[in-house]
Every structure is written in C-alpha cells, then in structure tokens.
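Worksheet for the structure shown next.
The first chain written gets the first letter, and so on, giving A, B, C and D; residue counts start at 1 in each chain.
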Amino acid sequence: MRKYVCEWIGTFFLMLTVGCCVIAPPPGVVAPLAIGSALMVMVFAGGHLSGGHYNPAVTLGVWLRGRCSIQDLVPYWIAQGAGAILASVAAQAIKGNVPVVRMTLSVGPALLAEFLFTFALVYVVLNTATAKGTTGNSFYGLAIGMTVMVGAFAAGSVSGGAFNPAVAIGLGWIGLIAWPNLALYWITELLAGAFAAWIFLGLNPKDR
Amino acid sequence: MRKYVCEWIGTFFLMLTVGCCVIAPPPGVVAPLAIGSALMVMVFAGGHLSGGHYNPAVTLGVWLRGRCSIQDLVPYWIAQGAGAILASVAAQAIKGNVPVVRMTLSVGPALLAEFLFTFALVYVVLNTATAKGTTGNSFYGLAIGMTVMVGAFAAGSVSGGAFNPAVAIGLGWIGLIAWPNLALYWITELLAGAFAAWIFLGLNPKDR
Amino acid sequence: MRKYVCEWIGTFFLMLTVGCCVIAPPPGVVAPLAIGSALMVMVFAGGHLSGGHYNPAVTLGVWLRGRCSIQDLVPYWIAQGAGAILASVAAQAIKGNVPVVRMTLSVGPALLAEFLFTFALVYVVLNTATAKGTTGNSFYGLAIGMTVMVGAFAAGSVSGGAFNPAVAIGLGWIGLIAWPNLALYWITELLAGAFAAWIFLGLNPKDR
Amino acid sequence: MRKYVCEWIGTFFLMLTVGCCVIAPPPGVVAPLAIGSALMVMVFAGGHLSGGHYNPAVTLGVWLRGRCSIQDLVPYWIAQGAGAILASVAAQAIKGNVPVVRMTLSVGPALLAEFLFTFALVYVVLNTATAKGTTGNSFYGLAIGMTVMVGAFAAGSVSGGAFNPAVAIGLGWIGLIAWPNLALYWITELLAGAFAAWIFLGLNPKDR
C-alpha cells in the first residue's frame, strides 16, 4: 500500500508540473526543464520506496524485466492514473481553468516520437535503476528525469511530449490532446516500454 | 552555535540570489534555475554541518521526523530569518534599491501552490537527506534544490514561489509580497512541512 | 556484439536529439542543453555495457589510452556512424524534411573550435570514466554530457558544435554542414581525441 | 609539474568559455549556465590531479585551509593566469576580434558582489572538496560549478561575474573590465577567499 501512495504522490507532482507549464502562460523553453526536473526529484525521493516509476510504461518494462511483481502492476497503474487526474485538477485550480489550445496532431510523426523517446526513457530506467552493472549509483534520477527533458525539447512540439500514459491522461483532461487520440498514445508508449525491456534483457544477459 | 552560523550563511546566499533575481532587471526564465541552484550548492556545502535546511518549514519537518532536537528549532528559525533579512539588504545594495512591483495575489491559488510545493520540498528533503533507504547518496542537494526550481517554474507567477517562510520574509522586505499576507504564507508553509513529515513517517515506518 | 548495439542505440538518440533541434523550429538557446543532456543520459545508461562512447574520437582516445581493444575500434565506428545516419532519417520523419540553412563556415575558427572542444570532451571522458583516481564516481555522465553543452554554447554558432565525427555525418545528412567539409571535421576531431589521450597519459602516469 | 599543467588546462577551458560567451553574440541567459558548467566539468576532470582550483582565490583558500603546499601557491597562480590569457586569445580567434562593450562599473556594488560570491565559491569548494564530512562524494564539481552560475545570474550584470582573479585578467584582455579596475577585483576576491577559509576552519574544527 505504501508503494502505491508513493507512486500516487510522484505522479501527482510530475503531472502538476506538466499542467502548470501547459496552462497559460503558454509553455516556453523552460517547460521541458521543469517537467524533467520534477520527474528527477520524485525519482530520487521515492526510488527507495516504490522504485519511482510514475509511468505505466515504465512499470510495464520493469515488470517484464523482472523487478516488479504481477500483483503490483495494476495497482501501480491505478495510482499513477489517479495521481495524474487529481494533479490536472490542481493545476487548473492554481493556474485558472484557462482553455488550452489543442495540438494539431500529425499522427505518424507524433507516434514515432512517442515510441522512440518512451523507449529511451524505459531503456534509461532499466539500465540506471535496475542493472547490476550500475548498482549503488547516485545518478539514476538525473538520468531518468533528463531523458524526459531531452524528449520534450526534441519532440514536444510534435507529440506534446508525454512519453507516459498517465501524463497522456492528464494532457487529455487539460485539453492539449483529444480524447480519441489517447488510446494511440497508450498503445505506442506501452509497446515502447515492452520493447525496451526486451532490448535491456538482450544487452544485460546476466541480469535476468 | 556552528550549526546556526551555517544555517545563517546558507539562507543568506539563498535569499541573496532570490533578491538579486527579483530586483531589476525583472525575473526572467532564469530566476528559478538560479534560485534552485543556490539552494542546491548551499545544501551540498552545509549539509554535513547543520543539515542544510535554510528554511523554517524544513526545520519543522525534520524536527517532527526526529532528526533535529527541540532546542535547535527556534535558533534555526532565528538564524534563517536573520540571514534572509540581511541578504535582502545586500541584494538591494548590489542591484540598487529599485521599487519592486508588488504581486497581485489571488489568495486561494497562491496558498494552494505554496502548500503543494512546500510539501514536495519537505517530502524530498526527508526522503533524500534523512531516510535510511537513501543513506550515503550524492544527489540530495540536487534533488532538494531542483524541487524549488520546479515549484518556481510551475507556480512562481501565482505565489511568488517562496516555499520557505524565511524567503517569504525577504520577499516582504523587498516588496514583492505585502506584509499582511506574510502570516498566510508562514502558516501554509509550516502546515505543509508538518504534513510532509507525517506522510514520510507513514511511508518509512522503519525510519521512526 | 552487445557493445556495438549499445553504441548504436546511444549514438542514435544523441543524433536524434541533434537532428530534432537543428531541423525547424531553428535551434534556440535550448539545443545545447538538450544535446548535452542526451549524451549524458546515454552515457549513464550504456557506460557499463560499452563504455558509452557514441563518438569515434572518444573511441580513438579510449583505445590509445588502453581501455578499448583494437578489434573493437572499427566496429564501434561503424555502429556510431550507422546510428547517426538512421537518427538523421528519424529526425526528418519526426520534424518533417524541412530544408536546413547551411552554415556559412569560416574554416579556421571552426576547426579551432572543433579541435579545442573535442580535446576537452575526450580529456573529460578519460579523466572521469577511465582514470584510477576517479573510480566509482557517479558524475561521469554529467561531466561528459555537459562538456558538449559547454562547447555548443561557446562555439556552436561558429562550427555547428559537432565535436564528434558521427554527429558530423548526421549534420552533413541534414544539410547543416557541406559534405566536402566533412573530412576536415573528421581529421580535426580525431587528432583532438588522440592528443587528449596523449595528455591524459602524461598527467596520469600510473594509469598506463 | 603535472598539477600545474592540469590547472593550466582547466583555467584555459573555463576562460575560453567565458570569452566565447562574452564576445559577440552578446551574452544571453545562457552565459552563466555555460560558464558554470565549464568549471564543473573541469573540476570533475582534474580534481584528482591538481584539486581542480582554476582560480587564484580558491588556491589561496585551500592553502590557508591546509590542503595546498606553500611551494605550489605561486606556480598555481602562474598556471591559472597563463591559461586565462591564452584562452582569451583563443576565444578571439574563434569568435573574431570583435570590440566588446566595456561594462560601466558601479564600484561599490560590483566589489560587494565579487566579495560575496567569491566567498560563496571558496566556502563551497572547501566544504565539498576538502572537508572530512563530505569525503568521497560525487557532487563536488556540480556544487562548485553551479555556485559560479548562481553568482553570474545574480550579479553578472553588476560586476561581470568573475569571482576569480584569473578570469578577471581574461575579462581585462577582452575588454569587458578596464585594466585599472583589475587590482580592485584581485584584492576583493583574494580577501573573500581568505575569509572563506577562516570561516571554514571555524565551522569544521576537526578538519584543521
């Protein structure tokens, strides 16, 4: 139960930062830095409690890699989604319920960007936070958070830069992404997480 | 006594940076980066001496969590407040005593923002700097400082982004916050610190 | 073989970030931060697998320093080049195949900048990731990635800020650098890598 | 001798970054980030060789604190100054020998800013890189480099943000600071370094 509360808190503050940066004033160059850093600090704060996923695609990858039990999978997803929704409400309470301009989505490039950077994110998580070769390091949160920042700088204008099904829900709530597109984000991101776990196990055969 | 001097120095440089970034030229996108980094470097420099709080809400949370003695509580608060006030004077000496435009405060959203991000700050402090599960890490200062940066990016335009009763005093001195609102900031921030300590103890039962 | 896949993945994401930041919208102040951070996260993720070079000049320097076998040299270079080319294609698929304005190159200053900052990069890699004096540290990825960021901030407008023959290929593909200039970049960067290895061995005589 | 070469290299790249960011295009919001990061990467790269000072005021403070021999003091200063001058020439070769607009200096605020942030820098160096209480950490370079970034953000527009007599020479060479003012910078910065050493020894009595 404590793990789920930790996932709830971490996803809440990640999405709260996303929401506050997306709602007016419009996102400037600092949104990726703020969002990546929010993930970083919550990973550093909660990694010893729940693993610090805050992202259903990460939880899927960590489960496939063998560091998350099957009983935790769905409760983690529920905690992450619930945290993201409440955070969207809180962001609107703080910034005002300002209408957000919906992104004009070019589906192919957007899903390619979401796939590639969600893959990168889960690849970085598995290698820095679950691999024997990097045990005891002090950089996992920095590496994980800044991967999201990089993706948001590189492709945020194309896909919205979610790389995270829970954040995608929040972006739908706030209005940046249309609800019908949400399923496409989820499928793409979860596939990327599973693919990253498969690549990780191939590259780290002794870690199975 | 050495601990109090260290708290005084750290809060001085935190508030000096805040003050220099708030007084003309007006705060741009870099103020949150500068302020969060100022906290980071002072936490790294003084953590082994005083714990590196530089924030009465953090000191309250650390005391409730059991890592600060009751005799230190009030001296820490005095050192932090004194450091913030002198730093405000120093910032005015450096940048010129330019009139600062007072924030037009929307009380509800501002206090919500101060509560949430002060909670996040104390939650991060307790988990990265006082938890058994993260002992010996090299990231506590980065995590703590960047939490303030995230909060300032997300909600600085709403509340001023103090998340710290000592900094709130400094912002009152410089003129960004009206004196009558100061008590609201203090109560909100101290409540958030206490709440974070309570959540921390629930999530880390072996750390009591 | 696993090492080469890791080098391929890391160089792919480094160049993907470069490409997405170079193709419209034009590079702003964030490109160096994004690119340096992309290198950082991939070094943290893959350092335990392949050494995390992602750069033929780094591989040359690490080989001369004695931490990379001669059999790995060419496969590493091929993996890095292939990753950079595919990433350039992927960046065009994400951002659109927008014509990029070719840099007007002042050859002397550009090659001086490429030499100096490629030297700095390999010097930092060898000292933070292969020296006995810094064994077991958690900062190598941060130091390496931010060296590229510094070089790109300082001299990106002069040379394009490659500091990496594989990235130079990608910049040629995208159109920022003219193909005939590519050989100049390669020679300059490889010379800088070799010179950094020579200096490193002089400064760390016990590490031979 | 190796130590002096390392100090020369590190100060060279610090000042090269300063110079490239000061010469046209004019310094934007990124100059402090670039300069602080240049110091960070060179401290991480050379700390195990020479201590990674790259700053005569730091060398003075480290000597007073007892971690630098008296025979090294003047050679370190010479290496730092020589590195800064050659770097200024290199920066002009890369960026073009563009006339730099001299700062209009308000002496009192400028020297106050230089004193306070040079103090902060040496205080952070001594506590993170020479104190028993922080032995073996992986954050010293981050803390040291970001202190300079913070100072440059806070007071760069007032004093030029040198916090370093060797960098002050470089700023004189490039033309940002008038030569007659240089002695004021040196005296102020060296006093700040000595004061920081005195405070450090008071706060860390067991480290004497």
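Convention: a residue touches a chain if its C-beta (ideal position, glycine included) is under 8 Å from a C-beta of that chain, and two chains touch if they have at least 3 such contacts.
All of these numbers come straight from a predicted model, not from anything done at the bench.
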Could you pull out the chain whose C-alpha mean position is farthest off from that of subunit C?
B
If I superpose the C-alpha trace of subunit C onto subunit D, what rotation angle comes out, expressed in steps of 5 degrees from 0 to 180?
90
Regarding the subunit B and subunit D pair, does the interface count as same (over half of residue numbers shared) or different (under half shared)?
different
What whole-Å value do you get for the distance between subunit A and subunit C if each is reduced to the mean of its CA atoms?
27
So what's the Cα centroid distance for subunit A and subunit D, whole Å?
39
Multi-chain contacts only, two chains or more: what residues does subunit A have there?
29, 33, 138-139, 142
In the complex of these two chains, what residues of subunit C are touching subunit D?
29, 32-33, 108-109, 112-113, 116, 120, 123-124, 127-128, 131, 133-134, 137-140, 142-144, 146-147, 149-150, 153-155, 157-158, 199, 202-205
Which subunit C residues qualify as touching subunit A in the complex?
2, 5-6, 9, 13, 16-17, 20-21, 25, 28-31, 33-34, 37-38, 40-42, 44-49, 90, 93-96, 138-139, 141-142
